[in-house]
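Below: a set of structures, written as structure tokens.
Note that subunit A is present in both complexes that follow, paired respectively with subunit B and with subunit C.
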Partner chain A sequence: MAAPAALYVLAFGVYPLLRGVGYSLYDYNLLAPRRTHFVGFGNYADLLGDPEMRRALLNTALFTVSAVTVELGLGFLIALALWRDDRFNRICLTLILIPVTITPLAVGLIFKGLLLADYGLVGYWLAQWGISPRGLFASTATALPTLVFVDVWEWTPLTALILLAGLKALPTDLLEAAAVDGATALRRLRQIVLPLMLPAILLALTLRTIDAFRVFDIVFVATAGGPGDATTTLMLLAVKDGLSFFDIGRASAIANAMLLCIAAIAAVYIVLIRGADRRANGR
Partner chain B sequence: MRRALDWARRLFLLALLAFFLAPFLWLATTAYKPSSAIFSIPPRLTFTPTLDQFRNAFAVFDVPSLVESSLLIAGFSTLLSLVIGVPAGYALARSESRLAMAVAYGFMGVRMIPAVAALIPFYLMMRDLHLLGSWVGVVLINAVLNSAFVTWMMFSYFRGLPKELEEAALTDGCTPFGAFYKVALPAARSGIIASALFCTLFAWNDFLFPMFLTRLDSKPISVALLSAYGTKDITWGTLGALAHVSTIPIVLIVLWLNRYFVQGVARGVH
Partner chain C sequence: MALTKRNLLGLAMSGWFALTLGAAAKPLDGVTLNVASQNDQFAAVMAKLAPQFKDETGATVKVDILDYGSLLTKTTADFIAHSGGYDVITTDIVWAGQLAANDSTVELRPLIKRDSKEIDVDDIYPVLMKSLGNYGGKQVSFPFAGYANVLAYRTDLYKAAGLKPPSTMEELVADAYKLTDPAKKQYGFVANGQKGPAVAQDWMQYNAEMGGSILNAAGKPALNSAANIKSLTVYRDLFQKAAPPGAADYDWGGREESFRQGLSANMQTWSVGAPGYYDPKMSKIVGEVGIEVAPRGAGLPKVYGVGGWGLAINADSKHKEAAWTFIKWITSKKVHKQMNMMGAGSFLRKSELRDPELNAKFPFLPVIAESFEHGDGDYRPRIPEYPRIQDILGTAVNAVLVGNTDPKSALDEAQKAAEKLF
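Right after this comes the complex of A and B.
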């Protein structure tokens, strides 16, 4: 019964991916299809020396690391605050999830509107007080950190929810026994909660890392990669090259480089989660 | 001390709630502001409510057609993903082969593909199949990512359900498909609802695929949201009004089915 799904994914998912690997080996532009010719790893070699690509890689790495760090830290605090199962917490949890469900495109537009320097509800005052005269998205120094802020707003509730599920799965008798034995709250957190929650933490970490690495929607609408190339991410670069400039060869090479990075992140996750499982079972 | 800590915890949560909800409420309320209030300098929070923005939005955009495309895309891609994903998850969960786990991980991996890596070759594939410009292509590519996700999710769900009932049904002369359809499927109801919810959310909110795969007459509301911003004479008010058809319904659906959403995320953990 798994065959239809497997065949479907192979035909419409894996097959196009393999075609993409093929395209990346050609100089192939839809605007000049007759000039198509095989260049081997030429597209990849070009990318290595390309300043635009380096900038995109750096931006994506900075964005991913800072967004995921804040989301995990803040998410854990929220999960701890929501741990006890009472009415107040249940209502809070329901409402706090709203950012996760909003169209990411709309999220980008909301913050763009709020932060406009001329008449934005927040941006106007930031400009008046001299904090950000042209708007946070319009300055090279603040554009990327502001996108991190938007991503944190959008996805911290999801990390909180994953971590909360991990907290709720903890054996309560063990924690109570430790409390009775006089272990301080900090010690219980470090020696019982964190090690037992490792699978949940790893899951949140991996999901968010991969999603932040492929960030597109909010960047596309809020800054479109600018000012200059201050917020150009890998995904944005690939979409621009491939579907606006129709340089299929180059765009496919960027997309495949991203695919390799994500595979590497996933592989690290699988190795770590196997280790965590083994330790948990050995206890 | 304990009391004080509890109050501090509640205050912390209320502050967070304000932080996470305020931008959303701003978007929802712009729809009722007159343009003069939206562009007022300095910006102010009070305004006299009006329905002008809705009139404007409905005059500029063919809202029913946009909603129709969105519903077709979300509906058919969710249906297709469930029809092939649920049985696949079940089969992998009940398989004794060691390969099953690897295949399940493979399905999870598909969900992590960066959209652009699939989109560029898929775009050319749709061009060759003459499906470019129609919502069918969007359904097909959405269903790749979503059916893989459903397979993974239902795999983990069915593994948490006891086999005994199905085995009893089999000894009573039920076919394997009958055991799946009559016994396992009803038992997995909440997992299926959660899967459907995630698929719908993903397909409804996505705009990258339809932006390149559809044309004017088949574009969904998410793409229109973008053009609402891009056009010069259209304001944030129009955007707020459009959000009442594009964003707010899906938020309300998730609030309504919140239990399944939370369960679904928790399911991913185990």
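Right after this comes the complex of A and C.
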């Protein structure tokens, strides 16, 4: 019975992954296919020595940590606010989900247009008031935080939705009993809600981390990785190497390095949350 | 002749033959040509003209209009897989080196020689024939849409300041400062500043005009030459003191918009965008724009930047002769003029730039003619390493414009990276 699923995974998961690992060991450029030759771990060694790659790793890490932290915190607050099941909250939930439905490429273009210092709807006033004379995306200090803001704007509703689903699945009798026993709201949150919410938190955290780590669309259209290399991310480099320069070997090496990073982060999350779950719930 | 059954049958038969022969008279009946086209102004016009080609030759032309990245990705995949999915491909001026190195397209010299009378090769500007598709002696693409780098300026602002349009770079720089008044939201200069191809291409243009060069005489990178450092310093100062504050984030769209919105007094640009300044739906400066040949540094030879697109035949196409017929047809005097009357903004032939009807519609054509007569299509090196060099410069120049580094350090660093490519 599992054969179709196993075949699917082999064909669309394992095989491309292994091909990617294979390509990363070659100097393989589609524009010069005659020059293809085996270089072993040469592409990986090049990446380690490349300052642009190191900067991209740092930017990606900063972006991921800041965006996911804010999205999770803000998402949890929104989920708490919308916990009670009434008509007002249901309408609010529908409305706050609108940003999630917009394609990230369009989101990047919209914010770029809004924040242009010379004729952007918002950027013009920010420049007039002296807050950002050249535009938030055109300054090294503000470009990455602005991208984080855009990501938070788009994806916080999704974390809120996941966490809200977790909240709604909580056993109400337990919470009512705690309230009757005189437990304060803060104590109920700390000792009952948060421990029981750990699976939902793990899901939101893992999904958003993976997504934020491979951010591409909004960066590509809003800053193209600039100013300088202030917003260059790993995915931007991989796409540039693979689809602009057709350097499949190097692009595969970046993609594999990203896969390893994401796998390591996910493993850490799982270990940490399982540990917390065991301590809190004895599971 | 009596209308016997036999005669009637004979008449019917000859009528049927006449009909079928009439239909078969079109030489390319049943052929379908797939064209991959860059999404420039010529693309929609080419698609509109396709039925006319079918009427004349019988061949169906399907035009797949793609953005720059998709065009490059899809056609490269087509070349690598030898799938022959596209028969005809629009090729950017800077792709010639790569196409020649891999023999991805049909070498056109024998065909051009064979049909030179029909093509009237002498009517095509030599700079376009060379730069829009000739590399290392191979003609990998046929010139199709020539663009000239021109200076667009605000006639009203120049008049009010008592200035004449600049003819040298030194005058352009001086005028840019004189015409800048941030209090009035008026800036003397605008160019692309955004990281990537946008800033790299615009700076290379200014750099050539100020006497700089990307490669040295031996064809090797010379990014940190004294002339290049000087030109980047001038470019940076213009961005910091004479350009709209957000210009460091402008790509082509942002730059053109700032000019059409009346923010900037001067802009160097591709001639293909010029019709937009005369369109009241998108421009606030209708009637206040002059177009002139691009200025050069004082004492430097009068040569002007040329760019644009060629048409290449995929080496794996199954309809090479039909593809060549299409290329000859669309670049013919009659059809190319028709294309430009329809707003393609893509010039190629001396005869069309002299054409009274086209000149009446587009008053800036003499400027394009002058630019093509003394055109330079190599200020962006058309070599296989070009995309990487453009990328390196795209980061370095942008970093200078936003104040992260100084011109010398940025170009020293860029030179080190570029040397590794050779």
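Keep this in mind: the second predicted complex is superposed on the first by the 257 of 283 C-alpha atoms of A that agree within 3 Å, B and C clash if a C-alpha of one lies under 4 Å from a C-alpha of the other, contacts with A are read in each partner's own complex, and residues count from 1 in each chain.
By definition in this document, a contact is a pair of C-beta atoms (placed from the backbone, for glycine too) under 8 Å apart; a residue touches a chain by one contact, two chains touch by 3 or more.
Keep in mind it's a predicted model, so treat the numbers as computed, not measured.
Engineer: Would you check which partner chain A:243 touches, where first means subunit B only, second means subunit C only, and both and neither mean what they say?
Structural biologist: Both partners, subunit B and subunit C.
Engineer: Touch test for A:153: subunit B only (first), subunit C only (second), both, or neither?
Structural biologist: first
Engineer: Touch check for A:13: first (subunit B), second (subunit C), both, or neither?
Structural biologist: first
Engineer: Under the stated touch criterion, which partner chain does A:133 make contact with: subunit B (first), subunit C (second), both, or neither?
Structural biologist: In the superposed model, A:133 contacts subunit C only, not subunit B.
Engineer: Let me test your reading of the model: by the given contact rule, A:117 touches which partner, first (subunit B), second (subunit C), both or neither?
Structural biologist: The answer is second: A:117 touches subunit C but not subunit B.
Engineer: A:31 contacts which: subunit B (first), subunit C (second), both, neither?
Structural biologist: A:31: touches subunit C, not subunit B.
Engineer: Who wins on subunit A residues touched, subunit B or subunit C?
Structural biologist: Of subunit B and subunit C, B contacts more residues of subunit A.
Engineer: Which of the two partners, first being subunit B and second being subunit C, lies in contact with A:223: first, second, both, or neither?
Structural biologist: A:223 contacts subunit C only, not subunit B.
Engineer: Residue overlap on subunit A between the subunit B contact set and the subunit C contact set?
Structural biologist: In subunit A, positions 118-120, 243 sit in both the subunit B and subunit C interfaces.
Engineer: Quick check on the complex: what are the subunit B residues that touch subunit A?
Structural biologist: Result: residues 9-10, 12-13, 16-17, 19-21, 23-24, 26-27, 30, 38-43, 45, 84-85, 87-88, 90-92, 95, 103, 105, 107, 109-110, 112-125, 140-141, 143-145, 147-148, 151, 177, 180, 201, 204-205, 207-208, 212, 222, 225-226, 229, 236, 239, 243, 246-247, 250-251, 254-255, 258, 261-262, 265-266, 268-270 of subunit B touch subunit A.
Engineer: Any idea which subunit A residues touch subunit B in the complex?
Structural biologist: 1-6, 8-9, 12-14, 16-17, 19-20, 23, 77-78, 81-82, 88-89, 92-99, 101-107, 109-114, 118-121, 124-125, 128, 153, 157-158, 161-162, 165-166, 168-169, 199-200, 203, 207, 210, 213-214, 216-217, 221, 234-235, 238-239, 242-243, 248, 251-252, 254-256, 258-259, 262-263, 266, 270
Engineer: Using the touch rule from the top, collect the residues of subunit A that touch subunit C in their complex.
Structural biologist: 30-34, 52, 116-120, 123, 127, 133-135, 137-140, 223-230, 240, 243-246
Engineer: Quick check: in the complex, which residue numbers of subunit C touch subunit A?
Structural biologist: Listed in rising order, the residues are 69, 72-73, 76-77, 80, 98, 101-102, 193-196, 198, 244-249, 251, 254, 257-258, 261, 263, 384, 387-388, 391, 395, 398-399, 401-405.
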